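In the two assemblies presented below, chain A is common to both, partnered first by chain B and then by chain C.
Right after this comes the complex of A and B.
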């Protein structure tokens, strides 16, 4: 059989794909560990040990960036996981406007981060329409993007506005694959909608929760362009994240230091996402017996 | 009892539908409306209709700005999306076929490597260094390769999942009838993959078209840019000139808006198939 496999499915068919992936993705990932410990100008690299990491952690901007990245990733992720699930359950509950709501929630997903940032710049501007609206209730103008107290919060809200569609759609797909017979049986036993949600829907939707959780957490830890376009990392370092720090180090030519930043991001993503992923999966197996 | 709940849920549904007005429609209305205003009028950031309809001038200005830069960048973006998705579809489906059908150590290792790529972030600077070595840094082919490599794990996993539903007996029947392995892939397997191929194409085109990070890094030293970089540069150059800015925002988003209107169902389906990972 194995011999037949070789003839039927010649290995070279997989070579182009794997070659591109390994050369452009895998090898750079591996060598980054070495380059993170060097002073590097793309041509010559001098080994300096852990000096880059030392420098990285001693900079104020990078320290706040680390904290901000965690806050940003966890807030956007949990909001998407929860709001997405609630919206999807509501849309799937057989309401008339389900299709309309689905389209509305989904559309922003198709827009580019920078375009969304530009639009919200006009809305969250100190004289923007949000403050004009709040002024009607006697609330003083809030500097949503230029006050360090609110800037991160605004970035999180904009990201949830844009990214909620994906989460909701994944949940809708998960919900529509749950067999109706569970709910019919529950209806005979006189279960309330709340009981339905917690006893039937939630345990069976765990795989979708895991998908949304993983995708939005990884996304939140990596991205920077929307925040960068909204606030430029400011005011001060209040919205600086790892991604924007790495880009800034790259553009000023500190390649070794920027790679050290990448390695830190790599470690954070792996240390959070891999265990979380298996934890949620295990929880799902426990519940489903 | 039942009737009472019916009334409440009706009111709640109306509330939810009305909620889309401030959350979504006001945003779109504000952007579209402001794009027709003169600079002074737009800077007031109001929801009122334009005092003077300046739309033609705004849009013409954006379209011709910096020697028709928008058209050039739009062309680049469409070229980038087309080429990378074209290559992606073929290389990832072929890889998926081999990895799904053959079981040996190399395949198992490749599998693990690809799965890791779903989670691990891309290391930008070493990638830039590799491209530089290959003489592809700051070139369109280099950027295309980067996009293919970034999207490769996801696409391969999607194809692999789908291939599990295609029985091996089909392959065997074809091979017994004298089909060569290459013919098997092109004439039998690839057509059967159509639903997932459509999903990959739609979903990943959106991702590549909207990609900002890769062009920012790998085309930083090039004169040809993509639309996402264009809108960013435009934003930097026209701070608070909302009439022009929003006209540019709409023009850049137009391909996606058209895609959504024309292929509404397919786009949403594709999004779901593409996001549920294997």
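Right after this comes the complex of A and C.
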């Protein structure tokens, strides 16, 4: 037993994992920095310096896309963080239908983004189920996906519906790991359920909040396929996001410019997520004393 | 006894082997061989090319695996570009011709078909746009299409409307239709190609005004706003929106919705290519019989024409290990037998661009009208002579068509978008 405790794993055990990481992630990331500064047609690449970055920011669609990406990422992220926590707290409160609810909420996560988009297109199109339902109350058909006032809102709702399962599940795991003894001690001290939530539950699930926040924010900042399948980025540029611009550039064969777009997205995600992550961690440490 | 038995068995074995050998000789030429064909056809078009492959399989014993590339044109071309760069092209693939074909670097990736006598059966004009420096790379994969205005004959007859010879006359017809409670034009902006058709078919007039326009624009020697016909193309899209001549929700309108609306006589006209006939005919042959066709007019009643889209080319990969099978397949695809297989599934809406081939099925009146217009006066679309097209053209045109951009803003945006595309392609002069 003593020998086992002292034994270290040999370094070469990390080699397969490290090799996969380097080949699939590290090398392409660094290579993409180079290609983002070229005019690249997959056969030849001509170095153009920072011209691609300048071009990317000069595009009309980029301005809308940057704003839309931020709105989309922060809206979906905050809704998932809050609603997920409420749902998880409700499920963990000992209700009888907890297991059933867990399955119901997690189910959309199992579906592919495009599948979800196609299904919601059927619900949200002008003659779709939602408008038929609203018509029963005398409400005129709303163009959920083709009116620039509602299109982004519709995309956000669809993404929250799809991603809520993961957030809830992470919270449930966090809530389940909190020892019952804290609540028992609080009960002896006469703490109310609200006090329990803010003084015990919330501080102890900061790591879960951090995980949900990070995952949904990164997801929101880089996603495009669901939005693209729902609206194609339209009407106009009203639901265009960074990912959809990059996708369009790639499919038109503008590989250098599209790669520059990816590098910009990489920088934006890093600039938002890392400080936010350390801020939430610091807050958690402060709360936990 | 054992010796006799052994001899009998040996004799049986030799006889059996001979029998196997004899049947092998009778076997079809490519029994056991397998090739992969990648294309971007969907629906009835995919069934039609499959019928050709089935016939070839039946004749030769070869198996053809079909791989469907993305239905979206840009995405499919991008997939081919990536596969060409990674040396992973299928034995045969379909690709756009003209400028798009050269983007795939045929000298490095495609098999040179020149020297095969069956190429004589391919239309000379088509061979020209698939040949470079004495090498030929493609044969037509389907029929060509003609773009113009499809109208509801019953409505036009009922209101005594005549085929317009100028854009102003077309607008006057729109006004009459509107006053009669009929949507004049159905815009299908739910699809990327639906947002562009009306504008792209203007190219006939663009090249009529300046036959060298595409070449000059490719070299950045002329700007889009300097060609009046090009500007008029964008203005026409805007006109229909500004005057309230289009359907209420064009962005939600798909082909299915538009076909349905046509069957219910909800609108008078739609700007499409001849594949529109197939879309309507598949759902309602009766409604398809009610379709009429005329070229989109411009300012001069004496100069009216249509824009043509060439069929994709079947191209062989240079790295194919089955080039003998592929060449036989190509030879077959230029024959009457292949065209019969194709037309047994799908009524063509254009010419196959093959010589000595007749279409043994009855063409509808509307397709004959379109073909007559094409024969009278036509030009291939701009994409065959100039490969500059920004990634946002469909979006920009939908914004012009729904009043978000004025024509001037639209042109300016298209120019900026195209400039980025040209620079990314490394074209000289940009």
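Basically, the second predicted complex is superposed on the first by the 272 of 289 C-alpha atoms of A that agree within 3 Å, B and C clash if a C-alpha of one lies under 4 Å from a C-alpha of the other, contacts with A are read in each partner's own complex, and residues count from 1 in each chain.
The criterion applied here is as follows: contacts are C-beta pairs under 8 Å (C-beta built on N, C-alpha and C of every residue); 3 or more make two chains touch, one makes a residue touch a chain.
Not measured: the values here are computed from a predicted model.
Touch criterion met: A:143 reaches chain C, while chain B stays clear of it.
In the superposed model, A:71 makes contact with neither chain B nor chain C.
In the superposed pair of complexes, A:191 makes contact with neither chain B nor chain C. Contacts of A:236 after superposition on the shared chain: chain C is touched, whereas chain B is not. Of the two partner chains placed by superposition, only chain C is touched by A:46; chain B is not.
When the two structures are aligned on the shared chain, A:274 is found in touch with chain B, with no touch to chain C.
Of the two partners, chain B and chain C, it is B that touches more residues of chain A. In the superposed pair of complexes, A:178 makes contact with neither chain B nor chain C.
When the two structures are aligned on the shared chain, A:250 is found in touch with chain B and with chain C.
Applying the stated contact rule after C-alpha superposition, one finds that A:170 touches chain B and leaves chain C untouched. The intersection of chain A residues touching chain B with those touching chain C, taken from the two complexes, comprises 42, 125, 250-251, 255. Contact residues on chain B toward chain A in their complex (touch as defined above): 9, 13, 16-17, 20, 23-24, 26-27, 30-31, 34, 44-47, 87, 90-92, 94-95, 97-99, 101-104, 106, 110, 113-114, 117, 119-132, 145-146, 148-150, 152-153, 156, 171, 175, 181-182, 184-185, 206, 209-210, 212-213, 216-217, 220, 227-228, 231-232, 235, 240, 242, 245-246, 248-249, 252-253, 256-257, 259-260, 264, 267-268, 271-272, 275-277. By the touch criterion given at the top, residues 72, 74-75, 77-78, 81-82, 84-85, 103, 105, 108, 192, 249, 251-252, 389-392, 395, 398-399, 402, 404, 413, 416-417, 420-421, 423-426 of chain C touch chain A in their complex. Against chain B, the residues of chain A that register as touching in their complex are 2, 5-11, 13-14, 16-18, 20-29, 31-32, 35, 42, 90, 95-97, 100-104, 106-115, 117-123, 125, 127-129, 132, 161, 165-166, 169-170, 172-174, 208, 211, 214-215, 218, 221-225, 229, 243, 246-247, 250-251, 255, 258-259, 262, 265-266, 269-270, 273-274, 277.
Contacts from chain A toward chain C in the complex involve residues 39, 41-43, 46, 55, 58-61, 125-126, 143, 145-146, 232-237, 240, 245, 248-257.
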